[in-house]
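Below are structures written as structure tokens.
There are two complexes below, and they share subunit A, which is joined by subunit B in the first and by subunit C in the second.
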Partner chain A sequence: MDNLAELLHGFTIAVTAPHLALMAVGVLLGILVGVLPGLGAPNGVSLLLPLTFGMQPVSAIILLSSMYWGALFGGSVTSILFNIPGEPSSVATTFDGYPMARDGRPTTALATAFGSAAFGALVGVILITFLASWVAQVALAFGPAEYFAVYFLAFASFVGMGGAAPIKTVVALAIGFAIAAIGIDTVSGSVRLTMGIDELVKGVSFVVAVMGLFGIGELLVAVEEEFHARAVSSKIDWREVFRAVGRLPRHGVALLRSAAIGCWMGITPGGPTAASFMSYGIARRFSRRGRYFGTGEVEGIISPETADHAAGTSALLPMLSLGIPGSATAAVMMGGLMIWGLNPGPMLFVDSKDFVWGLIASMYVGNIVAVALVLLTVPVFAALMRIPFVVIAPLIVIICVVGAYSVSNSYLDVVMMLGFGVIGYLFKKLFYPLAPLVLAIVIGDKAEDAFRQSMLMSKGSLGIFFANKLVTCLIVAGIALLLLPLVLQLARFWRKPASPAAGATSQEKVII
Partner chain B sequence: MISRRALELATAVLTGGFGVAVVVSSLDNGIGWSSAGVDAGTFPFLTGIIIVLGSLYNLVRGVLPVASLANVPIAITQVELRRLAGLFVPAAIFVAAIPLVGMYVASAFYVFAVLAIPRHQSVPHALAMAGATALALYVVFERMFQVSLPHGALAAAFGL
Partner chain C sequence: MGRTSTSLLSAAAIVLAGTVPALSAWQPQKPIEFVATAGPGGGTDNLARAVQNIITKHKLTDQPIVVVNKGGGSGAEGYVYGKASAGDPYKVIFGTSNAWQQPLVSKVAFNYTDLTPIAAMAQDEFLLWVKQDAPYKNAGDYLKAAASGEFKMGGAQSKDTDEVLTRMIEKAGKVKLTYIPFKSGAETAVQLAGGHLDSHVNNPSESLGQWRGGTQRPLCVFSPKRLPQGPKVTAAEGWGDVPTCVEQGLDIKQYEQPRTVWLPGKVTPDQAAFYVDLMKKVQATPEWKDYIEKTSQVDTFLTGAEFDKFIKEDLEHVKQVAGEQGWLVK
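Presenting the complex of A and B:
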């Protein structure tokens, strides 16, 4: 019960007036980016990141994670009221949420969504509370070879389970690795991949990459389509809120199943988007009222929302305990951790107990704050949707430019940020996944160092990756995940020769 | 109008080109095994090779008539292209103007131009928002967070 004592200590850190205020600010900003189409949790968190450099790490992570919760909730608001998913992960919520709201039950739809989302988040946080320190303890015994194996497994699971075209995932990953290698090599001290540009010696900060990829890139995708926001009434009937939440336990099976799917997809880097789609699909197949899905079914809202939030929350588990983020947003936060001078991974649980448990405690409180604030502010943010996109777009561009510049006062960073914007747009448009690219930029260096250290230990023999049971299991699992798409392809080919890739196009929608 | 195929090809060429640059550049650092362990260029070299091979695969997939590509022949229509340019071109000009006139002037002009020239907002309205943007940047960065944003060559010429 050590964990509970630590957690209580965490509450004393998280539940202080300044931190509660930060949570409220974070959640409100999060709802804002969640509500605005073209901005999501990864963008919001990366836009806010430069402002946290001067803060205490605990305060900074509380601000960023609260923003994450807010964005997850905010995305559902627009899905339900406007049929416009503010976040890719709330696309599945539109399927039943919007029809229900259109039928004149917007309060029921919103309350159901928030209630199940809060449940999903709670399951995720409980999982982190009890598993994270245990995972970290196991990981403390890791040597470089084990670390490399874990990184390898993380990268491989993006290829095997990410949902994007496998080769495109591989290319995105490798580009991320190459970008991470730019600058001074930490092992030998030599300068790499500057391609004749001296200023690149400092390397490419991941903040610059994320600002471009998620900020500008997503803006370009959003500007292409014109949004026609046709709101249904956004009035909240408070009694109906409690009635809708009270009805949730009747759908206990759907809640638990979706939470389980969400946690699994969050820990493995499937991400919230894939989790919500998967959960919706499974619910439609197994629910007794499955054929009514799409017309405003309660379980059609519960399933994607619970899974979305469970995945979003549990994505922080591998980030905290192993130093491997489970989603794009977690990758951005982890980059922040490194900038604040913390070393994500098992040592965090030893070196920075206050930080870890303060964060975990803040997740409990932050989600409660988020539910309360999102319910209170639905009418306000629904009104915000009427601000024309042309006004918001230049402001986002300016935030990205200033953010990229302020990382290291370099104009080159601003230009690169714009370049990353174009790449982000192209990748998004052609279904190259962005999450593995960001992940590789953030932990590419660490993976490489782990590999080279293990090579030094073994004097160049790859045998070190099969030296004990643990490392062999991890490597074999990684290889299996890498080969999974190939095997599936062969199986499909064998069963139905030369079938058109119908599966591929439906899958393409699920990419983060 | 840009076809999905053309876009796939262009992106594959772009990623492939980056891969080649990585491979060539990493050769300077030495690849393989030396007394100090794995040489600094080895890892980038391998990732470069993977990028090139993957891009070649994507390139071939883009050229071959694949069913999933035929479903979406057009990736960007004329109208969409104009909207994209409408966002990106002013943003690029804004970035290009920063070294010259500084962040504050450039961002104010940018906001004004984007709002007033296509007549999304009235001129006084756009002016007000442009002023507010520059002021907000100044207060938040220069004052609250003590981050000095570029003031530009113009300000330097005036001795500011």
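Presenting the complex of A and C:
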């Protein structure tokens, strides 16, 4: 239990008055940048970075990582209240969080999200405390073929789960892949699908796509459907915050399963976004109330949030020990590490023990500080829902426009964001699912790169996907998930040949 | 009397003419934007932020500086942005040699001639890296083993500096390598550590941590002479202990990647002179020396005709390799 001794030493570094103050400041700033869409964690952290140059590396990383925790929590706020995910990893939270908030239960939705996020983060930290050296080794086993298998698994767990008509899911996926392909292709270096617009060489930013698809798309639907136009009368109820958190243990299975998925996707380099989608997809299939998912189910919030934070936290370890940043924010922090004179890589754990264990200890404390602060803000945020639609709707438009513009100070992004809004609206009206579209935009190009890198390595042989135990297991699991609904349907069909179309109508309504 | 005063005046005029341009006739009147043609955390981004930090700390200009990242399309996003900002002296573009290399091999909507070159600051070196437990001890052994034709070489991006160097190694060493492009040098380093690749040609800073951690080691450096010694990286060795590739029979004398600074096109010579001067001041600070040492780069400063000459030479060279590979875009 060397690690435990190191951790205790880490606590003596992390739990000091100045460091606790830094955590509080970092978390509050983080919540702020998380809630203001378009600012986001990576921008917030890079704005703060120059201020840390004069600090001790431990203090600096504590400030920045606390800001990161705050931003992750803050990102869920806009997902739940306005259907605008601030980070790719909080997209899946909108599926049930937003309906629940619209249903007059914003306090419950927010408190549930924060509570399960904190649980996920805690599991992630415990994992890296005790399995630090093992975890670093696992990530090394991942070559292009294994990467592709992980992405395949994420797609399979989401695609095969039913809900929308399978053919519509495939269409949504295909559009998503096409959008992800815009810009420069890593493998061939050539420019693809820019349609004569020079600026498109940069590709389509996730934020632009999601703000349009979710924020503007939802707004268009709401304008059309009258019931949305009423303000939600939510009482500011402090007790409900604690009641919602207190109810979490009842969903113990969902919590543990999601944390496990999150940790697995965090250490294998699948990342938080794939983790949250996968966790949502699997919960939808295995939860007893799975068919109500998409209408404001508690487990539909717990699953993605827990997995997101478990993955986000455990993904910090490969960053420190291997030097691969798992997210844009981690990349900025890594830049910081270099400027502070530390080198992310295998030797960091040996050379800078105080730094590493101070950081890990601060992850325990920082997350507790973050969840405490963020729970205090719940009633304030929930009160936003009482603002009438005529006021909030223009605000959402402004937020989306400013957010899209600030991604890279480009008007083209604003135009594209509005275009995505129309696509989002059409998808909703025609019962096409948005989730596979977003998933394909976010990890489609990565999956494509990994597949083509594998093909280069194997000189075109698919055998590379069955070359070792690890990749074979992942691929087989993916195929199994993909075929499961088909098998179940066949089984049902044989047992009850009379009613093949049962449940089809109820499914139509909960397409997400 | 009249005569002396005129000559005094003209003497004063000459003195003035001599001093004023040195102080820079043009001064910025509003905030300056530093455009990093790379995502946050990469080498180019680090440079832009280090320069920003030095300027702010030493108050080298009165105007605030903001760093924005436009790294989409392997940096093309930033250069296209620079091209679109023609005549605007408040946008400073930070890039690498891909400013002139990328337009050769992909249909991007810019060329380096659309921009005003300011300077090349800092050069990154390239080394040939193999996995720690690989059997070969030098470049000669490596080439012998690579003759089997089964070697996988990783690198950042496609048809970019890493792949150009890979093709040069193929030619000089008479071997065939399978080049696998990844998003970044850091990602490539991890792939080598995991044994999914046989080698890569990372810059020192991209693999420093991996070398110290004993997952990979450099065989040789693509430089005419060995790197400056500096502090030891592993227990036994530092950068200066790495032999040059030429020493080991891999005849590639020099290959390096400059970090480049540009203004948009159509700016006045005064405006360009201001930034050349500003970058010179940055380079004279102790913080700059510190940055160079921490990122294991080589300090250099090319501007004006020297920079032009460098670009032309590099362009000729890359054109030749790209032509042989059939990469050139029409």
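Keep this in mind: the second predicted complex is superposed on the first by the 273 of 512 C-alpha atoms of A that agree within 3 Å, B and C clash if a C-alpha of one lies under 4 Å from a C-alpha of the other, contacts with A are read in each partner's own complex, and residues count from 1 in each chain.
Everything below uses one rule, namely that contacts are C-beta pairs under 8 Å (C-beta built on N, C-alpha and C of every residue); 3 or more make two chains touch, one makes a residue touch a chain.
On a predicted model such as this, the values are computed, not experimentally measured, just so you know.
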| First (subunit B), second (subunit C), both or neither touched by A:Ala178 | first
| message | By the touch definition at the top of the document, which applies to A:Val332: first (subunit B), second (subunit C), both, or neither? | response | second
| query | Which holds for A:Pro433: it touches subunit B only (first), subunit C only (second), both, or neither? | reply | neither
| field | Which superposed partner A:Gly74 touches (first subunit B, second subunit C, both, neither) | value | neither
| request: For A:Val187, select first, second, both or neither according to whether it touches subunit B, subunit C, the two together, or no partner. | output: both
| request: Mind working out whether A:Val170 is in touch with subunit B, subunit C, both or neither, as first, second, both or neither? | output: first
| said: Under the stated touch criterion, which partner chain does A:Pro106 make contact with: subunit B (first), subunit C (second), both, or neither? | reply: neither
| message | Just to be sure I read the superposition right, which of the two partners does A:Val415 touch: subunit B = first, subunit C = second, or both, or neither? | response | first
| query | Which partner does A:Ala141 contact after superposing on A: first (subunit B), second (subunit C), both, neither? | reply | second
| query | Considering each complex separately, which residues of subunit A are in contact with subunit B in the first and with subunit C in the second? | reply | 50, 185, 187-188, 190, 409, 456
| note | subunit A partner, complex, touching residues on subunit B are 4, 7-8, 10-11, 14-15, 18-19, 21-22, 25-26, 29, 33, 36-41, 43-44, 47-48, 50-51, 54-55, 57-58, 61, 66-68, 71, 75-76, 80, 83-84, 86-88, 90-92, 94-95, 98-99, 103, 107, 110-111, 114-115, 118, 120-121, 129, 133, 137, 141, 145, 147-150
| query | How about subunit C: which of its residues touch subunit A in the complex? | reply | 39-42, 45-46, 49-50, 52-53, 56, 67-70, 72-74, 76-77, 80, 84, 105-110, 152, 157-160, 163, 178-183, 186-187, 189-191, 193-196, 205, 208-210, 212-215, 291, 294-295, 327
| note | Seen from subunit A, its contact residues with subunit C in the complex are 42, 46, 49-50, 53, 139-144, 183-191, 198-199, 201-203, 322-325, 328, 330-335, 338-339, 341, 343-348, 351, 408-409, 449, 453, 456-457, 459
| remark: In the complex, subunit A touches subunit B at residues 50-51, 54, 167-168, 170-171, 174-175, 177-178, 181, 185, 187-188, 190, 192-195, 216, 219-220, 223-226, 388, 390-391, 393-395, 397-398, 401-402, 405-406, 409, 411, 414-415, 418, 421-423, 425-427, 429-430, 432, 448, 451-452, 455-456, 460, 500-502, 504-505, 508
